[in-house]
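Structures given as structure tokens follow.
Two complexes are shown next, each including chain A; its partner changes from chain B in the first to chain C in the second.
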Partner chain A sequence: MSRKWLIDNQGLFFMAPAMILFVVFVLYPIFYIFNASMYDWDGINEAIYVGVQNYIEMFTDDRAFALSIRNSIYWTLLTIFPQMILGFILAYILTSNIPFQNVFRIIFFMPAIVSPVVLGIIWQRIYAPFGGLLADLGREIGAMFLIQPYIADPKIAIFSTIFVNVWQWTGFSMLMYVAGLQGLSQEVLSAAEVDGAGTRQRIQFIILPMLRHVHLTLILLGVIGTLQTFALVFMLTKGGPNHATEMLPTYIFQKAFTLQSMGYASAVAVVLLVIALSASIFQVRVLGSRFTIGN
Partner chain B sequence: MTRRNAARTLVFAFVTILALIWLVPIIMMLVVSFMPPDQRAPRFGGLLIKGVSLQNYVTVFEDAEIVMHFVNSVAVTIPSVFLVVVISSLAAFALARLKFFARDIWFYLLIMTLMLPIPTLVVPIFQINKALGLNDSYLGLILPYTALGVPFAIVILRSFFAGFPIEIEEAARLDGCTRFGIYWRIMMPVSWPAVAVVIIWQFMTSWNEFILALVTMSSVEVKPLTLVPLVYSGQFMMRPGPMFAILTLITLPVIVVYYLMQRFMVSGLTAGAVRG
Partner chain C sequence: MYKKFLLVICLLLILTMSVSVFAQDQVTIRFRSWSPVINTTLAMIEAFNEDNPNITIEPDITNYPEYLVDLQTMASADALPDLVGLQPGALTQQYREHLMPMQDCAVATWGEDWQDQFYPIGIEQARLGNPEGDDNIYGLPVLTHTINMWYTVPVFEEAGVEGPPTTYDELKELADMFNSMGVAPVMIGATDGWIRRDIYMQLIHNIAPGLIYEAEDGNASFTEEPFVEAMTWWKRFFDDGIFQIGALGMTHYPAAVEQIQGGRAAMFPMGAWWQQQAANPNPPPLDQNIQGYAPFLFPDVTGEGQPTDLLGGIDVMMGVSRNTAHPEEACKVITDWISGAGAQALINTYNDLPAYIGLEPEYFGSERQKGIWELFTKEWLPTVKYARELKNSDVKQALENALAGVAAGEMTPAEGMQLLEDARDASM
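Right after this comes the complex of A and B.
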């Protein structure tokens, strides 16, 4: 640790605060959950070492865990792609100089900045069977199919919850595509037009391929977003009815803080961590996704 | 040309209708919050009300400690935004411009944080805060919010700094400017579009964060706004009016901040943060 070494490595001083926070609040917690997952522990009394027992139970005899894995798969597929398609269509329209396009961008993005806690309560009233928006509307105009037990029926509750998420985040996809579209080379686009490419051909063969990085970033953020989902489900359905809308985060919370099984919750957290890291690393290394915004 | 105009009108009509539908839940929140208290059963989820009243807001300010919760949210959010900007810009500058021991390893480790779902960390962070005596204190949220916000801010700022012309930096070095001087006097002043993105992003994540707040803040006196609907859900269960007034009050600050900053958002995203 000579003086010269310190001067050559003065970047470390710039990095130090970020490193310290990272070690205390990210790295240590990762080791912590791996360790805690081997114990039967209520958070207060002495922890009992159980080895991989928590994992065995989770994978062989835990319906709620199985449902939360199933729901995560539904959620990934049914949020990311609809959000991307609708987000792109909106972005394309809202970069074509139509009147009030900035107002429209703000409107579509607005749900993304509202807390999911707030949205959960609002959507409870939209889905409510009595006095709810959809049910009342159905009765008024005679569209009986609108009267559904949206969040009370275990068969459809997860889809109702996913719908809210799509509504909330489509504006974010739109904004990313707006930034991407604005960054496209106008020369290429005009050249294509001169060469006689129609709108559809320009979108299909030029714009969509050139926005590859936006697609990949949205998929990456979508997967991570899915695996973090907590507040919306917690407020809208509490993971119910009977775990029908359970997600891994709501299950971790329930195990750790309602049922006081810190060890078991840590084991679920390890599984979530492994899924998240392998999915992200696959996307970054294999698909070349990046954590950037824009194109 | 007329066919083209017709098509544009059709597209405009489509976007307008979709935008109106899109806004329904938000409009509903506002409308129910102005519902007169004597109106027991709102129809259409409360989208149609008879008359407008401010009584729900009066009720909320009388019966709920909404100002206290607002102060709590500010006391957690502002320090975390400030710390994220300072800590991430220092680190991003080093990662973009300086050579040091294990630089790339540190970068990849920090980026790994972006892939972590926060709920995986909730048990250990609860236990760390317990060990440090930080549960029920602002610091118990400020520190984790900062730690979890720094990596994304580094990604945004690092790419912005990396795009800055090296010649200006070399000229400053020749004139005797220190590394810190380059960061503080040259890089930071010209990086406001990227800093604005970081500020908006961190403000919104800290203000809306839920799961860590839920486990860290158990005393009602320190709960931020995001926990308020849970606190009063029993009290206002049968009264959607005051509950939706609370929801509106929670949402208002984020919308104001977003509206003030949104012109920086798209320009910041396109101007600087686009390179990897």
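Right after this comes the complex of A and C.
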């Protein structure tokens, strides 16, 4: 190895620490999980090679997996966009000249800093049709329609869970929009006002397009959040009843550590990885990564 | 100067050697489990250490679901701690390869007739699920239990009800009354699979005692009429308002228990372990000396009377890692916790019923509490013939899934039982 070669390739040495960490903590686990997905393995005893059998079973005969995919789609659509709309409305109001703006901002943002584990426990007590806050309130004021099996009925459990997530993260969307609104050029807004644009026109044709970077950031974070959803669902419903609120991460956990099917759980994890990669590529290619906040 | 230096070095060497010799006598045993709870475990350790100061026990107690994750992670790294908490059947069988046979330890401690000193069901279930020809015992029973029902005495008194129901018709009549009073007739946290399974096991035990174990072994079909009938009854408990509204969305621990302790449940499924409520720090009024509750048998749904025996068996057993460096000390700890000073400390908390015959708490808060203890240990536990647990983890999981699906109205009882049949066939 000549001195010249070392000088010419010195960049490799600077890259080496990061590359080593990447290989050990990212690439190796991915290959390990992919390999494990080809086995019938309980994580303890000897593994039996089954080829793609886990994948075949997953896509042809696994209701829980199908439900977790369905729920991920629901989650993506019903959390990201409502959070953005509500967050924008709150941000718009709170950047107008209303009193106690900062107090309201803190109140609306507060749920976002509470652990999902704590929220899961709290909302379980709010939703409980027997002894829960809503049920007891309903009994007190005679509003019996409030007494519902919110997280016990498979038909509505996923929506009740999504509601909690929207409630938690709307404050975060609001904060992002507040930052975006405060960064807008006042000259453009004033010019529009001088040109006779009303409130609706200013929002529709000036403010919303100029906040594109905030929208994209929220979508990006929303998709990542959806694919990582675990703690809230696990604490609130454990993925039930009968997998009605199952998400891919909760299903992986259940398969791996409750049912001891480590091989099958690995196969589901590979599918999750493929979905996450596809979403990232779509985001970068179609929506563009240049316009996220900070750029 | 040189001589002084040499002297100091020699003294230091002697000191170091004596410390290491002393340290060799001090043995550390690592213990992980979900039960007994940490305060009880610490009391057991303290009692054990009074006579065994040279053994340090490092406990790590977590909730059951987290413990299973912990156990699996450690076993896959071939790094089980010296002592582990186990349940008979599926859990013990899963880790059998990592566990040491315990019968030599038992003989050395209690003699050749050691099995006679335990409740028979404990010994029988310790081998649950062993492969044909394997008579080893991979975990020694520490605590046993029965599963049954409890009612809340003040709620019954307030409603003017004299005693618990013995038939389904009586149960239904009470349920209608308690529902109209805003009290949960039977409080159940059916989000938890184990409590769903406990109810089904009592139903099938009422309808066809012993049949489920035959089906598990492949000698009967899960789609036979008695199984479907038991599943139909399970669904009916929801439809008839026997269970409180929203039962499927509530955990048994802690959500349902909080309601029970608050006096908002007339009846609830639990086991002998419910007595431990009396030993909690600052217990609510109903829990004090277990004065607010009374146990009763699961009501008969067949019209032919309740079974004379209960389901139950081992609650907690303990095993020793095959890789432990201190098998003798580990044996000493386990056997003390079963029949020695540690066991007495354990039983004093009413944590559950002992596996070892003759142990009883040193103190009862009332004659009534003592009466409940004696009902369990002298009348109910000796009748236990069938296990609460299933030995096949796939069938067990399929049963929990089927119960959730049927209760949610997403599958029929027959479809639910087909899940068990499929799971059993796939695992054989």
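We adopt the following convention: the second predicted complex is superposed on the first by the 266 of 295 C-alpha atoms of A that agree within 3 Å, B and C clash if a C-alpha of one lies under 4 Å from a C-alpha of the other, contacts with A are read in each partner's own complex, and residues count from 1 in each chain.
By definition in this document, a contact is a pair of C-beta atoms (placed from the backbone, for glycine too) under 8 Å apart; a residue touches a chain by one contact, two chains touch by 3 or more.
If you're wondering where the values come from, they're calculated on a predicted model, not measured in any experiment.
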item: First, second, both or neither for A:Ile85, with chain B first and chain C second; value: neither
item: Which of chain B and chain C A:Pro149 touches, first, second, both or neither; value: second
item: Superposed model, chain A: greater residue contact from chain B or chain C; value: B
item: Chain B versus chain C as contact partner of A:Asn242, first or second or both or neither; value: second
item: Touching partner for A:Trp167 - first (chain B), second (chain C), both, neither; value: first
item: First, second, both or neither for A:Ala128, with chain B first and chain C second; value: both
item: Touched partner set for A:Phe257, first chain B, second chain C, both or neither; value: both
item: Residues of chain A at both interfaces, chain B in one complex, chain C in the other; value: 43, 125, 128, 131-132, 257
item: Chain B residues touching chain A - in the complex, by the definition given at the top; value: 8, 11-12, 14-15, 18-19, 22-26, 28-29, 32, 41-47, 86-88, 90-91, 93-95, 98-101, 103, 106, 109-128, 143-144, 146-148, 150-152, 154-156, 159, 179, 183, 197, 204, 207-208, 210-211, 214-215, 226-227, 229-230, 240, 243-244, 247, 250-251, 254-255, 258-259, 262, 265-266, 269-270, 273-276
item: In the complex, chain A residues that touch chain B; value: 8-12, 14-15, 17-19, 21-22, 24-30, 32-33, 36, 43, 90, 93-94, 96, 98-99, 104-108, 110-111, 113-119, 121-123, 125-126, 128, 131-134, 136-137, 140, 167, 175-176, 178-179, 182-183, 213, 224, 227-228, 230-231, 234-235, 248-249, 252-253, 256-257, 262, 265-266, 269-270, 272-273, 276-277, 280-281, 290-295
item: Sites on chain A touched by chain C in the complex; value: 42-45, 124-125, 127-132, 135, 139, 147-154, 157, 237-238, 240-242, 244, 257-260
item: Interfacial residue positions of chain C with respect to chain A in the complex; value: 65, 68-69, 72, 75-76, 94-95, 97-98, 182, 184, 187, 190-191, 244-251, 255, 258-259, 262, 264, 393, 397, 401, 404-405, 407-410
